[in-house]
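Could you have a look at this structure, given as structure tokens, before my questions?
Going in written order, the chains are labelled A, B, C, D, E and F, and every chain counts its residues from 1.
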Amino acid sequence: MAYDKTDISRLNDSDMEAALARTPVLLLPIGAVESHGDHLPAGTDNILAVRLAEELVKTIDGETPVLRLPVLPFGQVWSLAEAPCSFGVSNETVSNTIVEIAQSAAQKGIRTVVVVNAHLGNAVAIRDAQRRLREDGITLANFFYPGAGPVIEDVREKKEAHASYMHACEIETSYVLHLAPDAVDMDKAIENYPEFPEDFSTVAYRWTDFSKSPVLGDARAATAEKGEKILKVVLANMAKQIAVLYARQFNGNS
Amino acid sequence: MAYDKTDISRLNDSDMEAALARTPVLLLPIGAVESHGDHLPAGTDNILAVRLAEELVKTIDGETPVLRLPVLPFGQVWSLAEAPCSFGVSNETVSNTIVEIAQSAAQKGIRTVVVVNAHLGNAVAIRDAQRRLREDGITLANFFYPGAGPVIEDVREKKEAHASYMHACEIETSYVLHLAPDAVDMDKAIENYPEFPEDFSTVAYRWTDFSKSPVLGDARAATAEKGEKILKVVLANMAKQIAVLYARQFNGNS
Amino acid sequence: MAYDKTDISRLNDSDMEAALARTPVLLLPIGAVESHGDHLPAGTDNILAVRLAEELVKTIDGETPVLRLPVLPFGQVWSLAEAPCSFGVSNETVSNTIVEIAQSAAQKGIRTVVVVNAHLGNAVAIRDAQRRLREDGITLANFFYPGAGPVIEDVREKKEAHASYMHACEIETSYVLHLAPDAVDMDKAIENYPEFPEDFSTVAYRWTDFSKSPVLGDARAATAEKGEKILKVVLANMAKQIAVLYARQFNGNS
Amino acid sequence: MAYDKTDISRLNDSDMEAALARTPVLLLPIGAVESHGDHLPAGTDNILAVRLAEELVKTIDGETPVLRLPVLPFGQVWSLAEAPCSFGVSNETVSNTIVEIAQSAAQKGIRTVVVVNAHLGNAVAIRDAQRRLREDGITLANFFYPGAGPVIEDVREKKEAHASYMHACEIETSYVLHLAPDAVDMDKAIENYPEFPEDFSTVAYRWTDFSKSPVLGDARAATAEKGEKILKVVLANMAKQIAVLYARQFNGNS
Amino acid sequence: MAYDKTDISRLNDSDMEAALARTPVLLLPIGAVESHGDHLPAGTDNILAVRLAEELVKTIDGETPVLRLPVLPFGQVWSLAEAPCSFGVSNETVSNTIVEIAQSAAQKGIRTVVVVNAHLGNAVAIRDAQRRLREDGITLANFFYPGAGPVIEDVREKKEAHASYMHACEIETSYVLHLAPDAVDMDKAIENYPEFPEDFSTVAYRWTDFSKSPVLGDARAATAEKGEKILKVVLANMAKQIAVLYARQFNGNS
Amino acid sequence: MAYDKTDISRLNDSDMEAALARTPVLLLPIGAVESHGDHLPAGTDNILAVRLAEELVKTIDGETPVLRLPVLPFGQVWSLAEAPCSFGVSNETVSNTIVEIAQSAAQKGIRTVVVVNAHLGNAVAIRDAQRRLREDGITLANFFYPGAGPVIEDVREKKEAHASYMHACEIETSYVLHLAPDAVDMDKAIENYPEFPEDFSTVAYRWTDFSKSPVLGDARAATAEKGEKILKVVLANMAKQIAVLYARQFNGNS
């Protein structure tokens, strides 16, 4: 089978020159190496970021020109830094890496970079990169499961552990079951509803300060079907936004 | 087949806790996204870094406890930054990423990190990281094809393009033919002996200033056998040094 | 009337030495100079931060030893930077300022600093400062209207302009009407429900990209009573958390 | 009474737009939170900076368009950092804050910013900001009691403690007695003539290394009349320079 | 003739080990490459710094152990940066250079470093270095013509151009005539009394903004005798302070 | 005898203005203060850098306009930092110093700066400066004994201590014997062939980790004749490259 012609890792110089001539949108998957308990591996967020980018390419199906970089596998994992599987870098390093890659791409005529992010901890760094790159006239879009919210509400069976954070839970595990089932060991899935400290939103807590497991919620309720249902919407949203971002390039907007 | 138990991306928390208890040596593959002409893909250095680390794990065969991180795929590609497939970051970002990952690992008891580097452009950043980490009592070892030199002299059939630099040439292409043959398209292999400027060692040149192709040398002479011959020695050297580095940890040296 | 004995601006050296002996919690109000339309002044967030800190002192009523610094009046105002009244600084400067003040305080024995924040744009900088100071064993707490959410839902009459952002609206104007009525000119209050771009959560937008006014929502519905109702809960929550933070200092936690 | 129309904290967007159309000179008061003994409060320099800016506005009396920012209350207090009331930041933070505010103002068409400084410790940071902003074509003027010298010589009754430094002394206390008499407690005024180390100008001394009190000189000799006499000249000088700075903007100078 | 045994440039390892055993005070001359008009060369400040250090060593005459580094020849020359002979670096670079050299020396047991400075423009950077090094327990002393003031008043025949600045004038030229007469071409000495802008102390001026020559004052009045008279006092002061600084090392002070 | 008219330290403003009109190439000698054993002094690299620049000027003999700055005497000496005579700075400081001097020169119309480097440890910093300055359109050339290699092979009598490093050895000592014979004490010359650790190229070693002397090789075999033979070729190469660099300035290349 022919390899994916949007996968930069597999392109040669002639391929790339042809691709660049179409002013493609550049996808940069980004995840983290981080503890996800015993039912999901340390590479979960990287697996999800790569698989989402692959599925996105299939969803777009050549209608908009895109290129896909390899995953940036080291993210900011402050909250779980002390958990066994977490190997992370600072916000500043994540932000600088993204900015430098985007500037590197801009030298080749690329004007739009999309971060396909599967790790919430990277959000601050991405936001910082977005604002810095805007000064250079480069659009950095951040895709973090766009449009997932309402579908999650719909499919969720078990209560969430926290209004703002979910991790290795019913939902995220469902994503992996759908996109990379071999990576999940459902026999080891647990529920974990740690008691968040009263001042959790006020003081800087690592999750290891109050929870024995990085699982936040009930992973046992995860199913591939739930994952598919949510991600189908997410991917459709992503594909639609890619088309908008691509068109923007020719409208004098950045 | 069971997955590789040294691959952190596949480990869960219990696996990792058990692994950490043995004070493993941590492997960090590092490559680059960089033009390699038309017979090798942009991801060549990342493919090589990952495959070398995998082969190293097989060579070690459990005799020394090691763990393997995902490849850091973005390197410093200044010399070829203007070639179509190059998407790079600064020396400072490479160095900071390595330092922060190693410090993150040190918090878990890891004292020795080995960079399995397949891209010469990362050398300055790695050296900088080595010296900074030494201040923290962390040993950072740099594996860049250790011991390859004499074997290369032995197997080489075509002259080298430059005494200090080789790229996408007889030798590197042979590595890929041996480790990842699917990534090579030998039909597109060329020879390219650019005329280096007289003051090449004096002034900062990008290779694109004087060469139409990123190939430096004669890629047509590459064979899997040459690659195997060199890398067999390289891997044996790596394995031997891993054992030394592991033992050093218990000798009060860093 | 005697001045407020918790107001550092008014303390002399003997006062301060006595105060420090009680290991007080240090309050740092922080706001911004930012456009708030025509019914609220540029200093709105500073006025709110100062008044909240004053009211908090009254609510605590001497039960926990606290000290109050002058307001840090320059915040991060990226989203409204191009509006006429916005004079801001970078996230890095906000973060460094807070960190340095807290370190300065720690040299005098203070272990707990509470940011009384009235400007959402400062959240990222405060989070960064919290994590950096934790490394130094200093607790930085962030008070951004704690517990306001449910009461807001209760008192709100007009719909919100955006799920995550509110500004110069029914709610914020109500705060000012309660805490500093002279600062409001209700005759100029407007409603403004800008159409947020479809990709608002994906791309870095300044609010001035899509809205003619910095008002987000309907300011005309603001009343002092609504403000009082919400802030009464907020202040009670703050006072309670101050007590907890004070006690924590003697528990070996930071 | 109507509020001061030059006080940005009280302006709304329409006010500001009208004000900006006149290319106003922007005043930024800056002080410090710093020990001043027992007769003056920690906020002395901030009180002075704000009051000077207010009086300056009155002195200008609308002849030159000016706007006034809130006081930047945290200055560099290295020399007295270990005294009880000192809460300070680094030179770099003071300098960055000023530069960023001025750049923020320049985006709105303001070309001239005047720091009304009441704390000598900020001088180095202001100088640095002046030079950086000059590269951007922005004029940053530094008002630190311009023209006070000869009048001080005239009114002074007690000897000075040091040729270069005065603090909380006959002169500074006189300023506060004139501008903010409620902030002074003359009953606690003292004289303090510490013995400066022989190598004071050669080695980095904190004042707390050799002096028990932050008072340098004889505060008991302070009077509101002395303060008024000096500051009348100072304010006239300031007003005159404001007019010159305003005019410069239209001469192609920066 | 035997070379100077305090000149590190001429020491070998055995010499140095012996010297270090005596806990010497380390002298670091620092000057600048800067325009001085036509009667003095660009290297004037470096010549003065080196010659002062040499004379200081003779004055000390072995009574206190000292070592002398080569001159740091690049200083901060902002005010004259646009004059033809000025080649300078930033305050930050001067400061970092001094700090790193002093830290390097501290690793060898040296606790006291004396900057023999002949260029006023370096003052801010030196002050910054002093404060940073104090945190490390290293004393950095700054010798900028200590005690020259009263003697200058005594010998000066021509009026000074400015109360705070003198440059390439009667006084500085006299220093060079005394210490390095071959470097002076008195035939080209001029007087230059530029009109300083009214707002010179308020706004950041380069001297080239208002003066055609870098000479500030009347260089024609310079004589070797004047130079000798001033520098005799300066050197005696320096020698005395060196003795004090040396003794301090054994008193637990830094 | 008239002084060297290319030595900036001796130029006055009129000289310099005339010199700048010819668009000269600027020479910046750079060395280090570093242990060289007992037969060579700490200033060896600085002596060599200055003497090479002087000889280069003679070799050029006015055919190409050049100017010569004073030597930057503090280099990066990490490998020998713990040896007694080493007083060094960081790579970053070396790099920043060079960049700032070159930018300072560029403001005067100089487009080409040549580092005459006599200390290998500066190579990384110079490379970094080259790349940064290229962005500014400034050519920074690095002269580190160009063309010495083959002649060294020819004259060498004793084996080298390491393939990549030589220090205070037969070759370097020969350089000093030729250029500054007074600085050498051949009676103290030794041979030293330390055993390099097996993993020397893999791990960050300081030379003091494994060698008692900084001499790498056999200094006893040094002669002035060997030095002359090598440096004659080196200087001819340098002069030739200067001519090329000078000409490049007028070809639109940088």
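Here, a contact is a pair of C-beta atoms (placed from the backbone, for glycine too) under 8 Å apart; a residue touches a chain by one contact, two chains touch by 3 or more.
Being a predicted model, the structure only gives us computed values, none of them experimental.
Student: Which chains are in contact with both chain C and chain F?
Tutor: none
Student: Using the touch definition from the top, what's the fewest steps needed to get from chain A to chain D?
Tutor: Graph distance in the chain contact network comes out at 2.
Student: Quick check on the contact graph: shortest path length from chain B to chain D, in steps?
Tutor: Each step joins two touching chains, and the minimum needed here is 3.
Student: Angle of the rotation mapping chain A onto its copy chain F, from a C-alpha fit, rounded to a multiple of 5 degrees, please.
Tutor: The rotation relating chain A to chain F comes to 120 degrees.
Student: Compute the distance, rounded to whole Å, between the mean C-alpha positions of chain D and chain F.
Tutor: That pair's centroid distance is 50 Å.
Student: Calculate how many whole Å lie between the centre of chain A and the centre of chain E, each centre taken as the average of the chain's C-alpha atoms.
Tutor: Spacing between the chain centres: roughly 58 Å.
Student: Please tell me the distance, in whole Å, between the geometric centres of chain C and chain D computed from their C-alpha atoms.
Tutor: Each chain reduced to its C-alpha mean, chain C and chain D end up 27 Å apart.
Student: What is the distance, in whole Å, between the centres of chain D and chain E, each centre taken as the mean of its C-alpha atoms?
Tutor: Computed from C-alpha means, the inter-chain centre distance equals 32 Å.
Student: Where in chain D do residues touch two or more other chains at once?
Tutor: Touching at least two other chains: none.
Student: By the touch definition, the chains form a closed loop. What is the full order round it when you set off from chain A toward chain B?
Tutor: Following the touches around from chain A to chain B and onward: A, B, F, E, D, C.
Student: Show which residues of chain C lie in contact with chain D when the two form their complex.
Tutor: Chain C residues touching chain D: 8-14, 16-17, 20, 33, 35-43, 46-47, 69-74, 77, 81-90, 92-93, 96-97, 100-101, 104-105, 107-108, 183, 185, 188, 213-214.
Student: Per the contact definition, I'd like the list of chain F residues that touch chain B in the complex.
Tutor: 78, 91, 124, 127-128, 130-131, 133-134, 139-143, 146, 198-199, 201-204, 241, 244-245
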